[in-house]
Amino acid sequence: MSKSIDQVFVNAKQWLLSWLAGSPGWVIQVVSILTNIFALLAVFLTLFALISVLERKILARIQNRYGPNRVGPFGLFQPIADGIKMLIKEDIVPARADKIVHFLAPVLIAATAILTLGVIPYGRNMTPFTIDGGILFFFAVGSTTELAVFMAGWGSNNKFSMLGAMRAIAQMFSYELPLIITVLPVVMVVGSLTPERIVAAQAEYTFGLVPRWFVFTPWGAAAFILFFVSGLVESNRTPFDVPEGESEIVAGHMTEYSGFKYATFFMAEYIGMFAISGLGVTLFLGGWHAPVRVLEIIPSYVWFFVKLSVLLFVYIWVRGTLPRTRIDQIMNVAWKFMLPMAFTCIIAAAVWHYAGRGLRGWLWSLLVIAIVYTALSILLDTRRKFAQRVYRFAE
Amino acid sequence: MTPTLQIFLIVSAALFSIGLLAALSRRHAIFILIGIEMMLAAANLNFIAFWRFAPKPHQPPVGVMLALFSIAISAAEAAVGLAMIIAVYRHYRTTNVDQLDQLKG
Amino acid sequence: MNSGIVTNLWPIPAVPCAASLAILSLSNARRKSAAVLAVIGQVFALGISIFAFVSTLQTYSFRAVQNFTWFTFGDQTLRLGFVLDPLAAAMLLMISLVGLCIFVFSIGYMAEDKNFTRFFAYLSFFSGAMLGLVIANSLLLLFIFWELVGLASYLLIGFWIERPSAAAAAKKAFITTRIGDMGFFLGMLWLYNRSGTLLFYDGGSGCLESAGLAMLGASPAVAGFIALLIFCGAIGKSGQFPLHVWLPDAMEGPTPVSALIHAATMVAAGVFLVARVYPLFSLGGINGVTSSLTVVVWIGVTTALMAALIAIAQADIKRILAYSTVSQLGLMMVSLGVGGVAAGIMHLLAHGFFKALLFLGSGSVIHGCHGEQDIRKMGGLRRLMPVTFVTYAIGMMALSGVPFFFSGAWTKEEILHATEHWPRSHAPYFLMLAGVVLTALYMTRQIIYVFFGNSRVASERAHESPRVMTMPLIALAVCAIFFSVVLTPAWPWLHAYLRGEPVQFDLARLIQPMLFLSLVLVGTGLGLGIWMYREAGVQNRQRSAEVDPLEYAQPTLFRFLANKMWIDELYGRTVIAFSWAAAQLSDWMDRYFWDGLVRGFGAVGRVFAMLTTSVDEHGINAGVDGTTAGTRGLGRLMSRAHSGQIQTYLAALAVGMLALLLLYAWLG
Amino acid sequence: MNGAAFIVISILTLAAALAAATLRKLMHAALSFAVAFVGIAAFFFLLGAEFVGLALVFIYIGAVAVLIVFTILLTRRDIEKDRGFNWSGVIIAVALFCGLTWSILKTPSLSIVAPHIRALTVKRIGEALMTSYVWPLQCIGLLLTAALIGALVLVMEEKR
């Protein structure tokens, strides 16, 4: 029973394809691919709509106010209203802009964001596109985002746009290194670049209780934290949203966009966030596996989306809590702290592996990480202490 | 129709010639670099094609390895080449290769 | 036999050295981490030392050896190693324990110094080298550590480098000990030549074991010479008579340094060295008397008496203790020379505790008196610095040899015992008795000047030292008292441990003539001191407070002693003057004789050069010029094709490729 | 191997490459360059070398293309000036293409179809890289480090 619920979407697709029995092979293939694409788009566009209103509501709660609550029950229809507004707005293209590049930038950025979603396993037998080097595909396609951001900045022919694009590219370049290098230990330990294999490697449970997710190893925990922070930067989220810091450079590379193109950028940012979180879930949080063996009766995709939601909530929570950092601080952290720590994770994973993957390996790799962390924090300590701030009129 | 090795090689030759065209005809230094990168890519395409069409597959896959190393080397070359273009531009205020003829005999 | 511990001995020197390196890499401002690192290194060394010590208790005359090859040249293999035996274990324990106390003390004493971290780096480095020295199982390894402690001593004496006197003292210490080390080095080479190995113990084939000794025993005279050459090193390091001049000057260094290096550990290394290679000294002797040991005895006697006499007339609190150290080291040498090896080492260990205590006490006094070191300007400190006074008094009584409760008494008694039974002469025995009296005398003088009487210039604003300085004092005082538990004749555990014998308890042995004799002697010294100095430092009708009672009574003798018997001046007039003259002569030779010779050769060469120049210019050059002109013309022609346009070059390349392709097609 | 896919990809690649070589605006040419490399990566996919294709996209689109557009940005003042077009280059390129094509067509041993081979997994490539090709891999690492440092030194501000 639980198995059939688990596989309900897979079976539905089989059922759909069974109508085509007898057609030439390439027809079935194309239809199968199209089905996957439609399902993916439907799910994630809904999720985008949902999260855009939920984010506003959560932020509102953090800031002690109500948030959108006028359109529909609890304001849940707000995204529809927003969408209509965006669609019917005038699309303004600057006269001196490079019109082709200006047009192509949002298209490219949305396309790459959606493409990255394709390789993540959402449940048992539920990977839209199975590629041998799925992780590499994710990053290869993801790196195209930088070009798209540059196109947006260049095509707008606007100083703010260009500055924003430069900032975005600088920080995305800098954080792409730790992002990829923190993935390496997982790839090394599993011995595969295929997301399914990585998920399968985390299937077991120690004593039937504690799942063998990589986040529960010292190197995995460290790598996950680094991965999460890099992911924050890659998706240009607070506290790393300097490329679109409205108090400094209007809206960065999106300054000259309006209407639906602006909405596209907005959507791409959210979908990029989903993709990075989904990859994080796949790599470190055990993918679609249940945290306890008993709970495996709940379908796998539910687990995946629960984990994804938790990560997304943390994203929003961080946004509601932390102030924006300066660009030089971001770069300093990337090169002086994140990168060495990411390399340390590789070493710690190797130590864990060669010390037998047991408790001994666990302790040794913890030691490696602790030593490097301490050394780095001593070396990087500028001895500039923050003064206690006094809020005179806030109480 | 299934493509044969010849067709791949002809496409690769076309790509090579286009790269050569970019490197020979345009005056901007960046085009020379773009042309060189395209010629290298054509060579990589040849490597991969020869590996794929070899009657007896090699173990290890030599063609793929060569292509990988060639990509890495051309990446290094691109980085240094572009840095040189910037340095030259700073010094002479031009990127026109016709004007950069200080080394003439 | 558990020899496992010996393979784990290397961290004992390595950890403090590593701590030293780590501290050196810290910035000057990280005082706390420097101190913590140094203390951690020392605690670690102490831990392993305790472990090593415990493992030596398993059997009598425990000895474990670990040797390894350092390098090979030709068919010769140079091997180094570590050894663990009662001698090494006892030394390890004493050094690391005293060292720890002194490290802690230094945190308080050096608290305001701007080079705090450098100080701890040097101190850790010294500690590591010294610990390595005592566990070395090779004369070469011992020599290496020997030189390293010398270097550490040099660095630390000259620690306050901005003072010219400190720099001079450091230089003096380094050069003076180097004279002794020269002899040591020659002796080592000779030993290697004779025995073919520098390892002490090597499963029967070491130079201190039967095979090596048999090889040396073939010519006892040579063995004696080797022993004496090695003893030269000990003379230099332990400040024995002809080379003792550096040690009092070394007091220019910070007081913890004086306590650790120039009282408790490094200067005792000479005594340790003699004890370590004792089989060489006693080789071929009858009744344990050999000519080399006789030399040791007489040098020890001379040193002990002379230094004790000089100490009486000194005014600097640390110099008095320094001469006292010299004197005590002489006493240990006598003990070794007359055959009382265990007694000498016991005194060395006990001396390590109480002399470190006295030096630290003097450091506390100096700290309290804001840097004043002249005892004539102190006085009345017993009320102001009670903890320092009590601990200092304990140290003083241990040094003087007050019986029953203080460790120094028992070891001194053992030494006197051994000296009494020396078959060759009784003179050392009586001279040593005089030495005991003198020791009590000068210590009484010092303590009266410093702690009794009324407050004088320096002690008016004195204050007790902070807890971090008094705690080590108390710890060392406790050690100095309770160490005597294992020393008494009733239960001579340490004696037996060092000799590798079982120990017996016999209360009757406690009472013996020597006890009464030393009681009388010490009492004489103390009484004499109290009588002589009862009014010291007090303004009197007859004389001012600045004048010493002895000076009042015997001005000539006092001047003789106060000026250290003019030995420094003697050296200045003879040895140093001679080297100065030799240097002047060499300089003159270099300037006028050799230089003239070289200039003459140069002139001849220049004449030849002129000749060849003319041939070159007019004969050979013409042909070369012609060739060059031709080449240049050709080059100018060729450079037309060299347009500087890279695209032209690229096009030429492509055309060349096309041509090759066509050639290929045409051929086949 | 799919003929239709091949035709589509080759048209896309060659068109983009031609655009990259001839477009007037430098930025457009650079973006066409990126498209051409997507096409080449697609060729690699078609030939079964997925890993190389992904690496190509990763390196060329993610790094080299961005570097090129950055260089264009930094040498911007020089771009607007009109430049001549060297027609002799076209002649040489066309002649070379003809020569190459002629010699390819003339060689009969090249008209073969692809045999069936075992799929080239990332694992196999990784094993080859870590065993037979480990020294070349180290050398490439060294080369890339040197290139990184060299590029940095070249673009550093000249001290006056």
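So that you can tell them apart, the chains are marked A, B, C and D in the order they are listed, and the count of residues begins at 1 in each.
By our rule, contacts are C-beta pairs under 8 Å (C-beta built on N, C-alpha and C of every residue); 3 or more make two chains touch, one makes a residue touch a chain.
Keep in mind the model is a prediction, meaning the values are calculated, not measured.
Taking A-D and C-D together, the pair of chains sharing more C-beta contacts is A-D.
Subunit A and subunit D have CA centres that are 29 Å apart.
Distance from the subunit A centre to the subunit B centre is 34 Å, each centre being the mean of its Cα atoms.
Rounded to whole angstrom units, the spacing between the C-alpha centres of subunit C and subunit D is 70. Separating the centre of subunit A from that of subunit C, both taken as means of CA atoms, is a distance of 65 Å. Residue positions 51, 55, 63, 70, 86, 88-89, 92-93, 96, 100 of subunit D are each in touch with at least two other chains. For subunit B, the set of residues touching two or more other chains reads 20, 23-24. Residues of subunit A in contact with at least two other chains: none. Contact between chains, per the stated criterion, is found for A-D, B-C, B-D, C-D.
Across the interface of their complex, subunit D is touched by residues 1-11, 13-28, 30-31, 33-35, 37-38, 41, 44-45, 48-49, 51-55, 57, 60-61, 64-65, 67-69, 71-80, 82-87, 89-91, 93-96 of subunit B. Residues 638-647, 650-651, 654 of subunit C are the ones touching subunit B in the complex. Listing the residues of subunit D that touch subunit A in their complex gives 25, 27-28, 31, 34, 50-51, 54-55, 57-58, 61-63, 65-66, 69-70, 73, 119, 121-123. Those residues of subunit B whose C-beta lies close enough to touch subunit C in the complex are 20, 23-24, 32, 97-98, 100-105.
Those residues of subunit D that touch subunit C in the shared complex are 86, 88-89, 92-93, 95-96, 99-100, 102-103, 106.
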